[in-house]
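Letters A, B, C and D mark the chains in the order given here, with residues in each chain numbered from 1 onward.
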Amino acid sequence: MAVNKIVGSFNEAVADVFGGAVLLIGGFGGPGECPSYLIAAVARKGVNNLTIVGNSGGWGPDLIEMLRARMASVLRFPPDWYDPGLLVDRGQVSKGILSFPAAPGHIHTPFEKAVMAGKAELELIGQGSLAERMRAAKGGIAAFYTPVGVGTVVAEGKEVREFEGRSYLLERALKGDFSLVRAHKADRYGNLVYRGSSRTMNATMAGASSVTIAEVDEVVEPGALDPECVVTPGIYVQRVVVRPRDPRPWDEPT
Amino acid sequence: MAVNKIVGSFNEAVADVFGGAVLLIGGFGGPGECPSYLIAAVARKGVNNLTIVGNSGGWGPDLIEMLRARMASVLRFPPDWYDPGLLVDRGQVSKGILSFPAAPGHIHTPFEKAVMAGKAELELIGQGSLAERMRAAKGGIAAFYTPVGVGTVVAEGKEVREFEGRSYLLERALKGDFSLVRAHKADRYGNLVYRGSSRTMNATMAGASSVTIAEVDEVVEPGALDPECVVTPGIYVQRVVVRPRDPRPWDEPT
Amino acid sequence: MPGERLDEQTMALRAAKEFQDGMVVNLGVGIPTLCGNFVPPDKEVIFHSENGIIGFGPIVTDPEEADENLINAGVQPVQPKPGMVIVDHAESFIIIRGGHVDVTVLGALEVSRRGDLANYTLPGKEVGSLGGGQDLAFCAKRTIALMTHTTRDGRPKIVNELSSPITAPACVDLVVTNIAVIEVTRRGLVLAEMAPGWTFEEVQGLTEPELIPSADLKEIELL
Amino acid sequence: MPGERLDEQTMALRAAKEFQDGMVVNLGVGIPTLCGNFVPPDKEVIFHSENGIIGFGPIVTDPEEADENLINAGVQPVQPKPGMVIVDHAESFIIIRGGHVDVTVLGALEVSRRGDLANYTLPGKEVGSLGGGQDLAFCAKRTIALMTHTTRDGRPKIVNELSSPITAPACVDLVVTNIAVIEVTRRGLVLAEMAPGWTFEEVQGLTEPELIPSADLKEIELL
C-alpha cells in the first residue's frame, strides 16, 4: 500500500495525546507560525497536566485580541491564531520549558499568571540550548556541552566542565511525546516545506518527539516538492492534517 | 562596499593554507562531489604535514583511472576528478581522521599504503560521529554523548558515561583550519546550493573551519537563489571560487 | 547430501520479506543492496542512504541515464523518485542515530551468538572502514545481517565469540544466510528457516553456537 | 547644567557606527532594532535574526506590505532582500553559538564594571525571558550594550555589581548610552565619548564604577 500520512481531522490527529504528555509546540511568537488548529484540538480534548516546550508559552486569546488592535497599523493578524496560551488559560498546562515565558512590558502572559498563582512550573532555557536539546533528542544524542548559561540561572543543578580552558554546561536531550508543528506544504510521505520565518522552531521540533503531527496549508502530490528544498524529511513526520479553508473558531470540531 | 566573497583563482583561494593545517575536505566517494580544483591547488602549493578529515582519504589518480575503466558501463567519471588521494600520494598528508580509509576488496588506497608504510596516522571514526563532531565545531559545542562506538575501536581513550541505563561515548568537536567544499551555485554573499547527493559532507563541513572555501560550478546574482532553498548560509563561507569551464590537468595553475 | 545454497539474489529476496509497508530501510553495500529489487509489490518502502538521499528509486544500470550527483552510499547511480529528499550528512545521521531507520540490512564477516556484529575489516587488511555501518548497527530499530553461512574455506561465520574486530555489540536481530534464517533472541539463536533440502543437523554442523530449532521451523519461502 | 541626553534614534545611530563592512549583525529588540536604519551607506551589513532569517531588508511599516511569515525576532515584519536566507531555529543558533555573529547590539538593565550584563528580567516581574539574548551575549564576537545611562528615577545602570539576575558574565565590549560611549577593558571602564555639552565629571556622577578618561576622549560624533 502506498505510504499515506494524511489524516482526515484535527480531532483524529491528536486522538492519542494523553494527560501528562510533553508537547513540543512550534512557532516563535508571530501570528503565522503556530499550529493553531492542533492546539485548538488539544484544548477541546481537555487533557491536563501537560508540559509545553517552545519559545513562548503563548499570549492566549485575550492578549491576542489586544495585540491585534495594537498592531493593526503594522501587521494584520489572521483571525484563527490560537497559540499555547489557550492551553495555559484553560488550566491544561502544569509545566513549561520555555525561552520567552514573560511578555515584554507590563502585561502578563497566561503562563506568567499561572506561575505567579503557583499553578505551573517554569524551566527557563535560552533559545539556543532549547533548540539544540530538541535536536539532540531527534538524533539520539544524550547530552552536549555548551558554554551558554554558565554562571547564570540556567546553570542551576547542571554539571559544569572545562574544555581547553573554557567552562561548559552539560545540557540534556529534550524529547517530546508529541511535536505539534505548522508547515506550508506536505506530501503523503510527510515531507514538509515551510513559509519564510515560520520555519524556525517548527522544523527544529519535527522529529524530536515520539510522534510528530504537522498542520499544513496544503497537501501536494509526491514530486511537487523539490527534493533539494524539502526542509523536513517525511521520516520525521507521523501525521499530516490540512488546515480548514475558512477560519474556524477554536472550539468548533475540526 | 558590497560584500563580495568571490576570489579570482584557485591559487589565491588556498594561498594561506599552511603546513600542518587541518583540512576538512568534502565529498563522499563518488566522482562528482570533490572540491577537485581546491585539492589540486593545495597539491601544487606543496604544503606538508596536513591532517585530512573526511569520509575517505581518496583514491588518488592511479586508482581513479582504474575505476574509470571498470565503472564505464555504470557511471561516467568526469575527466577532472581529483580527490584527497592526490595529496596522500604526494606525501603531503601525515594524518587522516576518516570513516572509509580502506578500499573494499583487495586494492589499497593511497592512505592505506601510507598507514602501512608508517607515513601516516589514522584516527578511524564512523560517519555519524564524524559529521556530528564537525557540526559541533561549527556551533560552539565542545563535546557530546553518543551511544555509537561504545565497546569498539572508536571508544579507545574516550570517556564512557551512562544516561538512563545506556552507555554513551564522549565525542569532541572537530574543527578544521580550512574546509574545502564543492557546491553547485553561489552568490557573492557565499550562499551555497548543491546538486543532489553531492551535498552530503560538503554542506556539513561548510562553517566547521576557521576558513571555508567553496568551489562552485557557477556564481549567480543575489536573489537568484531561493531563500527557502539555500543550504549553506554565506555566513559560513569566506571564499568562493568558480571551476574552470573546460577540465584542466591538476598540475596546471588555476 | 545437503541441499543447494541460495544464490545472492535469493538471499536478498528473503531478507526483503522483512520489510513492512512504510518502513524506512537502509541497505548496506554488497549483497544487501540487492534487496532493493525485491520489495513486495504491495508494499512501499522508503530507502535511506548514508550520503543523504531519502526515498530514491531503483539503481540505474545505463551510464547514459546515470547522474554523478545522484548516487547512493555504495556509489551506485540511482533514479530519482517522486517524494525523494536530499539532506546533508549531519542530518542523514541524525536520522540514523535518532532511531528513525526501521530496518538496516548489513553485510557481515561474523555474527556472534549474542548478535555482536563484525563487518568493518577485511581479513588480511591492516586498515578497516567503518563508514556508516556502525551507526546503523547501533541505532537502527532492527538490524538484519545478510551473509554467506560460512567463509570461502568453510569455517562458520556464526560464532560463539567474534575473532574479527567488533562493529557493534548485540545489535543483530536476524541473520539471513545462504542456507538459513536465524533469529537472535534472549534464549539464544533460534533457527527459523532452512534452505530447501537442508536439515537442522546440517545447518547446526556449519554453525558454531548451539541453535535452537524454532517450534515453527520451516523451509525458506522463496517468492 | 549638563547637555541634553541623546534620543533613541541618535543612540542607535552611534551604535551603528561600530558596524564594519560585511559584518554579521544581530540586533536585540527595542532600541537596538533602530540601528538597522543607520548602517552607513558605504557599508553592507548582513542582519541575522534569532528566528532564522539572514540578510533581510528594512522593517516594513505598512501592513499592506507586511508578510506574517517574514518577521524578525521582535515580531516586526521585514522586507525580503536579494541574498536573503531562511534557516531553522537550530541552525540559527549554530550560527550564533559558533561565533559566526560579528556584533550584537543588546538592550540592558545593568552593565557591571567587568562587562557583566543583566537584561532578561523586568523590575517587579517574577518571570524573566531569556529569548536568544543569552546566546548572543555569550557567543557573539562583540557585544554592544545600548541603553539609557540611568534608570527612570536617576540611578546608575552602569554599576559595580549587578543587582538584577545576570544574563552573561564579562560579555559587554562597548556600552553606548544616551550620554556616553564606554569601552569595557581589562584596565576598567574607559570613557571614550560624551554627548555634546557633558563633562567627564558629570558622566562619572551618573556612573557607579570609576571611569578612566580615554586619552582620546571626545564628543560623540553625530552623523
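Operating definition for what follows: contacts are C-beta pairs under 8 Å (C-beta built on N, C-alpha and C of every residue); 3 or more make two chains touch, one makes a residue touch a chain.
As the structure is a prediction and not an experimental result, all values here were calculated from the model.
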Mind listing the chains that sit against subunit B and also against subunit C?
A
Spelling it out: a chain qualifies if it touches subunit A and also touches subunit D; which chains qualify?
B
Work out the mean Cα position per chain and let me know which chain is farthest from subunit D.
C
Distance-wise, how many Å sit between the C-alpha centres of subunit C and subunit D, to the nearest whole number?
56
Could you tell me the distance, in whole angstrom, between the mean C-alpha positions of subunit A and subunit B?
35
Residue numbers in subunit D touching 2 or more other chains?
86-87, 93, 97, 139
Can you list every residue of subunit B that touches 2 or more other chains, as numbers and ranges?
132, 135, 139-141, 146-147, 194, 196, 199, 227-228, 231
Which pairs of chains touch each other in this structure?
A-B, A-C, A-D, B-C, B-D
Complex interface listing, subunit D residues touching subunit B:
21-22, 24, 42-44, 46, 48, 54-55, 80, 82-87, 91, 93-95, 97-100, 139
Residue ranges of subunit B in contact with subunit C within the complex
28-33, 55-56, 72-78, 99-106, 111-112, 115-116, 122, 124-129, 131-132, 134-135, 146-154, 194-204, 231
Can you check the complex and tell me which residues of subunit B touch subunit A?
132, 136, 139-147, 163-164, 166, 168, 172, 193-194, 196, 199, 226-229, 231
Could you please specify the touching residues of subunit D with respect to subunit A in the complex?
29-30, 49-53, 60-61, 63, 66-73, 75-77, 86-90, 92-93, 96-97, 122, 125-135, 138-139, 165-169
Contact footprint of subunit C on subunit A as seen in their complex
1-3, 135, 137-141, 187-189, 191, 207, 221-223, 225, 227-228, 230, 233-236
